[in-house]
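By written order: A, B, C, D, E and F. Residues from 1 in each chain.
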Amino acid sequence: MATVTLITDEEASPEVRAVFDDIRTTRGSDFVNNFWRALAHDPALLKATWDRLKDVMAPGALDPLVKEIVYIAVSASNGCEYCCHSHTASARAKGMTDAMYGELLSVIGMANQTNAVVNAMQVPVDEEFKA
Amino acid sequence: MATVTLITDEEASPEVRAVFDDIRTTRGSDFVNNFWRALAHDPALLKATWDRLKDVMAPGALDPLVKEIVYIAVSASNGCEYCCHSHTASARAKGMTDAMYGELLSVIGMANQTNAVVNAMQVPVDEEFKA
Amino acid sequence: MATVTLITDEEASPEVRAVFDDIRTTRGSDFVNNFWRALAHDPALLKATWDRLKDVMAPGALDPLVKEIVYIAVSASNGCEYCCHSHTASARAKGMTDAMYGELLSVIGMANQTNAVVNAMQVPVDEEFKA
Amino acid sequence: MATVTLITDEEASPEVRAVFDDIRTTRGSDFVNNFWRALAHDPALLKATWDRLKDVMAPGALDPLVKEIVYIAVSASNGCEYCCHSHTASARAKGMTDAMYGELLSVIGMANQTNAVVNAMQVPVDEEFKA
Amino acid sequence: MATVTLITDEEASPEVRAVFDDIRTTRGSDFVNNFWRALAHDPALLKATWDRLKDVMAPGALDPLVKEIVYIAVSASNGCEYCCHSHTASARAKGMTDAMYGELLSVIGMANQTNAVVNAMQVPVDEEFKA
Amino acid sequence: MATVTLITDEEASPEVRAVFDDIRTTRGSDFVNNFWRALAHDPALLKATWDRLKDVMAPGALDPLVKEIVYIAVSASNGCEYCCHSHTASARAKGMTDAMYGELLSVIGMANQTNAVVNAMQVPVDEEFKA
């Protein structure tokens, strides 16, 4: 149903195969999801996207679970079906409980609500908020 | 610059004043920011929004700082100038460091990037991700 | 501050002047707002946009005020500063009261809230809703 | 296909059941659509969303049909599949004719068109439009 | 699955049939895609949309393939499933190669990434960029 | 006015200075625009963003001007003020004429219009468009 076919392991070129292998090693799982199989049509884009994602989502000043939660919030606001599914699955795998998910949905809903109302009224930014 | 004037303390009706007072008490600060002063044109909307926001952003299964971080991510994805400013200020007041902010920007950027690429290709959702 | 300068009456070519005149006649006002003065850099785009807008916003099965209200809702959801200002002014000129504006903001807020929550959960469409 | 399962009447806890009952009574119909069955995973979010929606969509300064029309416009601009379906069905049930729907689509299209063009050119807001 | 049924050639009124015929003649193909069959419920909207689209997408200062590429970029950013599919098919028919598509995806991803990061930080526009 | 201050050449750390130098060399200009000065608060994010942007926007299967045109289209659809200004300036520097800009605005407007109308009606994707 995509605009491209999904590249199987068999069809993968050596560069693509190297990225698939790194995904498997990094995640400790044999599963390579469809996003990477679609991107594999352009090996350079596949590699650049995976290398950056691996770096960005790694533990750092923010916890990996918090990063997945941020990803869900962005994906829901943008209406990306695939991304909502894949990052909700990742967040659950990293420990997101039902209670956390319920609160996340509440914040996502509230933020989208007040964003739209603020935009409608074009509220000027308080001087106190400026850097 | 807004589509409505900002209601001052002097202009506030008793219902509006009651909400402003609750904002001050809840936050332990005398500052009432412009969003509430704009919403004050409709006291019922002001009260409903504040009551819900207070509830949603309170400590729970997710930390209040994580909730502010989610709010920034949504506001950046929607392009809400006021909300980016106000929630970045709130997040900093709740302990967001420069390192956390830098990683947050990285995740926001990455999520918006992959959302758009996934949408362009209309990647089908993997069966493994479905509830 | 725009990416183009704003075309004054003096700078307007005959085709542009003809559109400005029709805007003035249709609206019964001498005021030609900045959107048209920016579009005037491309006379064909100016004319196509104005001709279509005049037609779309005219009285029909939907009242012109309802059409302005829809325009505000779209503009708020897209975060278009100029459009929120211009269509709120138009809606007020066509009779939008403070009470109507307050309710409109409530619906805009609610719709953006539930849109995001539905997208987050990817709720399947009920069979009952399909045409 | 959602990120959560849909809660049936049999699975509903007493708090969830109370909301489902209020939905049925308020709408005068036995049908509880999937949005509420998905939200039911978080009874507090379910109740807060329904209570607010019931209030916001009730007759007031704006007609309930106008409110549904606004909801469609927001949902189309945000690309929310579920919401476009559910609110189009609601609007039709409240009297939206084919002629009204056609004009609504025209206004939604025009608003999204001019929003994007205004944003591209970053047209400055006319002084005449400011409150 | 749409909110309206799709109008077949047999069901088409004479005005609708005239537009369908013009689509066929202009494109040199018998195929009339679902977008036009859905719009056909409102013959005036169908005709206005087709007439404008035919004009906008015709060869001019920008090549028709560049116009299709722009259409894909907008559709991906807005998350429009149908539009991503239909305009990717059109772009390929007009000569978009796999290498071009891969680079297009890279630019779309980069632009959505930096848009969100710029919005998050609310970077002020450099004087050098203003017209 | 940003959420961060803008890093001047004097305040730049050696890593930041190295990126600023590469921006100057690559572009053959002494001008380093505000986006990079804001990002400079996080040297790793600055470097990752610049390195990727330089690569993505370089000549390839798509002409650099076409890439700037795509960037404008995405930025207009997302409502990013800064990005519309900076990429319109870049596109002009790379040869975008007034006629090309006018046609670009027409395509951006049309795409956003039909995206919203398609989303409103949830038109099913034609089998002919699927890969």
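Following the convention adopted for this analysis, a contact is a pair of C-beta atoms (placed from the backbone, for glycine too) under 8 Å apart; a residue touches a chain by one contact, two chains touch by 3 or more.
The structure presented is a predicted model; accordingly, all values stated were derived computationally and were not measured.
Student: For chain A and chain F, which third chains touch each of them?
Tutor: Output, common partners of chain A and chain F: B, C, D, E.
Student: What chain lies farthest away from chain F once each centre is taken as the mean of the Cα atoms?
Tutor: When every chain centre is compared against chain F, the largest gap points to D.
Student: Would you mind checking which chain's C-alpha centre is most distant from the centre of chain A?
Tutor: The most remote chain is C.
Student: Where the CA atoms of chain C average out and where those of chain F average out, how many Å apart are those spots?
Tutor: Centre-to-centre distance between chain C and chain F: 26 Å.
Student: How big is the gap, in whole Å, between where the Cα atoms of chain C centre and where those of chain E centre?
Tutor: Chain C and chain E have C-alpha centres separated by 21 Å.
Student: Quick check on chain C: which residues sit in contact with 2+ other chains?
Tutor: Only 1-4, 39, 48-49, 52, 74-75, 77-81, 84-85, 88-89, 99, 102, 104-106, 108-117, 119-122, 125, 130 qualify.
Student: Testing understanding: with touching defined as stated, what is the shape of the graph linking the protein chains, line, ring, star, complete or other?
Tutor: complete
Student: Over in the complex, which chain B residues touch chain C? Could you list them?
Tutor: Its residues touching chain C are 3, 39, 41-42, 44-45, 48-49, 74, 78-80.
Student: Along chain B, where are the residues that touch chain D in the complex?
Tutor: Touching chain D: residues 1-5, 48, 52, 55, 125, 130-131 of chain B.
Student: Which residues of chain A touch chain D in their complex?
Tutor: 79, 84-85, 88, 98-99, 101-102, 105-106, 109, 116
Student: Considering only the defined contacts, which chain E positions touch chain F in the complex?
Tutor: 1-4, 6, 31, 33-35, 38-39, 49, 52-53, 56-57, 60-62, 66-67, 69-71, 73-75, 77-78, 80-83, 85-86, 88-89, 97, 99-100, 102-104, 106-108, 110-126, 128-130
Student: Looking at the complex, which residues from chain F come into contact with chain D?
Tutor: Residues 72, 75-77, 79-81, 84-85, 88, 104-105, 108-117, 119-122.
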